[in-house]
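Across the two complexes that follow, subunit A remains constant while its partner is subunit B and subsequently subunit C.
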Partner chain A sequence: MTSHYIAEYEKTADLLPGQSIAWLKALRADALTHFSENGFPSLREEEWRYTNVSAIEKKLFLPQLTAQTAETDDAFFNDYRLEGALTVVLINGRYSKQHSSLEGLDEDISVLSMTDALAQNPDLIEQYLSKAVSIEEHSFVAFNAAWFSDGLFIHIPAKKVVDKPIQLLHVVTQGDCLSTIRNILVVDEMAEVNVIETFVGVDNAYLTASVTEVFVAQNACLTLHKMQIEGDKAYHFGGTYVKQARNARFNHHNFAFGGLLARNDMHTDLDTASECDLNGLYLGIKRQHIDNHTRINHLKPHAISRELYKGVLNQRSRGVFQGMVYVAEDAQKTDSAMNNRNLLLSNDAEADTKPQLEIYADDVKCAHGVTVGQLEEKSIFYLQARCIDEETARNMLTFAFANEMVDKVKLDGLREKLLEQLLKRFPQVSVDKAWL
Partner chain B sequence: MLKIENLHANAGDTPILKGLNLEINSGEVHAIMGPNGAGKSTLSHVLSGKPGYTVTEGKVTYQGNDLLDLDPEIRAREGVFLAFQYPVEIPGVSNIYLLKAALNSIRKHQGLDEVDAMDFLTLVKDKIKLLQMDQKFLYRAVNEGFSGGEKKRNEILQAAILEPKLCILDETDSGLDIDALKIVAEGVNSLRSADRSFLMITHYQRLLDYITPDFVHVLADGKIVKSGGPELALELEAKGYQWVEGQAA
Partner chain C sequence: MSSSAKEVENLIAQEYTQGFVTKIEVETFPPGLDEDVIAKLSKIKNEPEFMLEYRLKAYRHWLTMDSPDWAQLNIEPIDYQAISYYSAPKKDSDKPQSLDEVDPELLDTYKKLGIPLDEQERLAGVAVDAVFDSVSVATTFKGKLKDAGVIFCPISEALQEYPELVKQYLGTVVPEGDNFFAALNAAVFTDGSFVYIPKGVRCPMELSTYFRINAANTGQFERTLIIADEDSHVSYLEGCTAPMRDENQLHAAVVELIAMDNAEIKYSTVQNWYPGDENGVGGIYNFVTKRAECRGHNSKVSWTQVETGSAITWKYPSCVLLGDNSVGEFYSVALTNNYQQADTGTKMIHIGKNTKSTIISKGISAGKAQNTYRGLVKVGKGAENARNYTQCDSLLVGDKCGAHTFPYVEVKQPSAQVEHEATTSKISEDQLFFCQQRGLSAEDAVSMIVNGFCKEVFKELPMEFAVEAQALLGISLEGSVG
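What follows is the complex of A and B.
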């Protein structure tokens, strides 16, 4: 099942970064064993029951281990660079220095490729790598650990408030490419930063398997945005695994717009009085399949979690939301609210939603809600009663439903780019941009 | 302006209106009172074109045309305004956008150009003072997170800007405390004019202390069973609806 991938691994293993580092070599070996024993996730696994990845298994996506970015035409991804941001570009799973623009980066902030970080300070990386998510999580994580070819290491020192957002622009320029990236974001005590992960790629099939491990220290605040606009035939696995210390704040804005099959994992562990705010918007058109898997672990008392994921599904697309809120015995006074709302625009679209609560503490407030439906008739009539014709009313409501999530993004430049992508995917939504 | 003749209407399969007659001339304020289930809200819904109702008999003429033949948005553009009993929350659409889109739809319908942005803002700011609303309401999503009183004031604000010819107030007083009721009533009174008519639907006489109607009608079991002047409302308040229901039987 996985032997063709493993055979490929053996050929290229020596070219992976950090192969001279004993602990990393051992980790990769363990991960490979785990992957070869378990194969790709199957529909029999509860957390993958709605998402069939056998197409990935049948194909063979190949890693690019030699940097050959000099001739890369950057016109197609330049549009996704965020103005005013520090942008780091990864092409086909490798850091591209020449495409990155880090001018103005303060010296005390580290933004390094994983290859460089491992070469310069392997002991530091050891403190974080595979610490927010283990290789046992599932096979894509193991696959990623075994095979990551590069990634980014970002370290924001204590008390540093970074005024410019940092953008990780992941680009795939070749069909059949495997881009396996491991990122580590460390935000130390009382520091604050905005980070954007952007995923774009060509129209041919390729596979992105990205894992981002995040460590938000005491009183620190990270706002992480994910803008997934992979190519139409792309396969995307993206996992974000967060550890929040006491009073740490983590905001996530997760936009899943692209790919033929996209799976997104978003897990966070909450320490005492920490807060997370998870926002998601997935848009499905044609035959897209977009799976969102979130897990909020309330491990200590007084933490607050808010989650709202919205899906707009058109044509034959399918959206999945599986959200778990886990409250440990020790996590008294937990305050949690999870919501998933799906808007189906066609009879052939499908939404599968499964919110789950697992609560072992007795003094907690945990709310959850789910809706799957069409536009509300009473809203359409209200707008008609205010002189708006039915078609425009439907368009306005559809757009407004999705735009609520875009509107929550505070970075103006990013919000505009998201809006563009939103309108592009729903061209029938003739929205008057003047009022936005 | 509005003539309702022998109107019969079903909600789903249930007959609700059973031969209602009513004529409203320009500038008149009519109050329709009645017990729960009499058909008051059905009347407002049928007049504004809400889906889910079937007119089985009778007709409604508005400014000489068949009102029931028009789509809801056309009725609205022609000047029929329904102030909802339960205004709907529209997340993601700002109040000011809806006001502007609505006003421009009316202007387009009338063959006029879109409203000038500055003129529009001046107009809105002027009207919002009348309803004693904060300007921040303009930039909030329509009715989202508004209190009951704020929603009702917002309905009247819309009416003030859209300048309808026939204003149907569906239980605009329900759920309002006395202060909010006074503000809403003041807003309505300021809209009264010789070329604008009102149809006020209410369960309670209280609203009529603040908005004095020209006519009061009692609706029971889908028909108007008694009509009179403002004094009828007081009589109803004193004697209860059983009084007219008894008379009708």
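What follows is the complex of A and C.
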């Protein structure tokens, strides 16, 4: 199967960063071969059985690598800037220095665009690129490896606790744009940092394909937030692939609000006694299709994983959750709990969920739970008995259901922004920001 | 407690007791499968014309299909041309009219297996249809059932006597091209049971079929069709065993259940095909398609299965809940030991309004075995107020085995409530300690805890079966404790 994206590749290849680096060139060539052999994933693949991406193949999104970003009106995305954060802005898949603000960055911390990082220290990047996820994972990863035009590279040295959060603000300003970015986050031993990935864009159709590789070293702690508020007609693929060393801690807060078709991959490999906490909230309205895919690999003993994904699906939207917990043969004393809760609000909405356990060790404690349903009548009655009309009661309970996930975010500024988005998507007169 | 401790010890020391071979003269087709074989088979069975067409259609469809590979199973490729598709005790030329005419060797076999075939054991009050290799050898209690209006006979006989009835229902639940193994079964099935419960009849006794593979190099392909007409009730039991052989033998069955308005079918299975030895040599490949359709309002189908045998089990008894207020249930205990592999579970398809389903699945994995639960709960757009509750628990005994859970939940109806819960753990040290502190040996304690773990399912089984199932668990866990 050949995709017309292959034909286009030749025209743009020279504009991609790192073309003079032999290993990267070889990697891109391998990835392109892999992609040309397999094409975009089809419904016949188990991991993609609920998500049809054929629309991407039917359209042709092209990278806008030569376009000047200087005139970009930044009012449109300034709202999403997090106050007090170090912000790196990527516009249409290219780093925009003038929009980024990295003042007050400690010298020993590296926060660079991928282009710069490849130019300055290709050997360092080689240690990490394509190491947390291989191009064989699936075609989107291969596609990303072949096409990526920029990205963010963060390196936090050992024992450094970064007080300011670091924000990656990814913006698409043009329709039919293909924006492919590859990010690498490295948190060395005993370091600690908060990172936020934000995806915003115009109302026209475009495609974002982002892959983030994360390396959390021994005793380090990374809290990663993803706020996906792509435009209404956008296609979004975002993959986060994490390698956790011994005793490393990784927290993830994933908010999928935007896009017509959004797919999110979240994979983590756990070493001895490491911990991960994955949280997710997906809100579907109109004809949105939001797919969340998580995989937790317990490879060594004593690791702990917690996962809670919640979905609220309204109108004609469809929410998908596929979560896998894998426990390898010698990963004894694994403790894992996974939950997925879905609220179906309309006759045309659909929820598909598939939690999975694959366990090869015996001394483990693994559980998962799934629910699909609606608000509990008892709770509504309780509120009605206290003079709240039914509609308000339903709105309050729906909001509370979703807000649990927002409440878990510890960064005040980010929580405010998330709350704003939440209220925007469920315009509920009765749910007043003031009484929260 | 000491006497029962001894029993458990005996059980643990026991090997597969049904592993003997009966020396009986058989008529067997040479290995191989083509349209001629199917025609010959149909002719031997003296089947009506539509059956041959049905078989050939299925066979042609089967040729276009590939063996499914999505299950969490490691299956050696099967050479379908090396299998003989028909094997029958030779003295079949004139079918036995009563038990006296049945080959005494056969009766001995069933006696060894503890099947109440002969008069003395009729007191057990279970009507039995026994299928030996490819044919049904004897059916008890025919007369009594006939008085009640119940038809219970081998499906080959039903094709002779009630061809219209069979034609009306056969393949309507599991179409001939449903899946690879169902298509193969439709092409070559040789016998099985046929049950028809007329309107308003409550079947006066439990019905039972006993399956036995005896000959080497044969496959067993049986087909069961149960129809419960309006306001009727039937409880049906199924048991299976096979001799110990070094090569793998294929068992590909199809079971179709149809429940009309207010009808209820209870289908219980104790599957104990030869699981192979402790090194994983030999054993039965058990690829079974079982599906029930609750066609009428307020109908109910309940599947209960205890799966302890077979080298490989691939089996998903399902319920299609078409009628409003219909109910589907699935209770399962699947135990794997040594190198056994099981990929089993259920599908609950909610189509009618106010439909309910319950899934309780208990998986126990020991030795180097792999045990997988795979299930689907699907709620269609029109299935208002559908309700599902699923609970899957896995117990791991030993650190070389695996237990996996792959549930699929697809909901298109906002008033539906679907819940799924799963846990995986090993026998807790606390529980073991508690039992041992009270004077139980480790083996006793494990056996007791495992039985407790499965209790929810065992209580769904008819009495005699529950006892057998508990005993089976003990045998199958042999060597994995302590």
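Here, the second predicted complex is superposed on the first by the 430 of 436 C-alpha atoms of A that agree within 3 Å, B and C clash if a C-alpha of one lies under 4 Å from a C-alpha of the other, contacts with A are read in each partner's own complex, and residues count from 1 in each chain.
As a working rule, a contact is a pair of C-beta atoms (placed from the backbone, for glycine too) under 8 Å apart; a residue touches a chain by one contact, two chains touch by 3 or more.
Bear in mind the structure is a predicted one, so any value in this text is a computation, not a measurement.
K.L.:
After the match on subunit A, would you call subunit B and subunit C a fit or a clash?
P.N.:
fit
K.L.:
After superposing on chain A, what angle in degrees do the C-alpha centres of subunit B and subunit C form at the C-alpha centre of subunit A, to the nearest 10?
P.N.:
Computed angle, apex subunit A: 70 degrees.
K.L.:
Between subunit B and subunit C, whom does A:344 touch in the aligned arrangement: first, second, both, or neither?
P.N.:
So A:344 only meets subunit C here.
K.L.:
Just subunit B (first), just subunit C (second), both, or neither: which does A:399 touch?
P.N.:
First partner only.
K.L.:
A:353 contacts which: subunit B (first), subunit C (second), both, neither?
P.N.:
second
K.L.:
Name the contact category of A:364: first (subunit B only), second (subunit C only), both, or neither.
P.N.:
second
K.L.:
On subunit A, which partner's contacts cover more residues, subunit B's or subunit C's?
P.N.:
Here the partner covering more residues of subunit A is C.
K.L.:
After superposition on the shared chain, which partner residues are touched by A:389: those of subunit B (first), subunit C (second), both, or neither?
P.N.:
Only subunit B is touched by A:389; subunit C is not.
K.L.:
After lining up the shared chain so the two structures overlap, which partner does A:407 touch, if you call subunit B first and subunit C second: first, second, both or neither?
P.N.:
First partner only, subunit B.
K.L.:
In the superposed model, how near does subunit B get to subunit C, counting Cα atoms only, in Å?
P.N.:
14
K.L.:
Overlap the subunit B and subunit C contact sets on subunit A and report the shared residues.
P.N.:
none
K.L.:
Once bound in the complex, which stretches of subunit B touch subunit A?
P.N.:
48-51, 71-73, 76-77, 81-82, 84, 87-88, 90-94, 96-98, 100-103, 105-106, 109, 141, 158, 162
K.L.:
Within their complex, state which residues of subunit A touch subunit B.
P.N.:
Touching subunit B: residues 376-379, 381-390, 392, 396-397, 399-404, 407, 432, 435 of subunit A.
K.L.:
Write out the stretch or stretches of subunit A touching subunit C in their complex.
P.N.:
For this pair, the touching residues of subunit A are 46, 329, 332, 342, 344-347, 349-374.
K.L.:
Please output the residues of subunit C touching subunit A within their complex, sorted ascending.
P.N.:
For subunit C paired with subunit A, touching residues are 70, 72, 379, 381, 394, 396-426.
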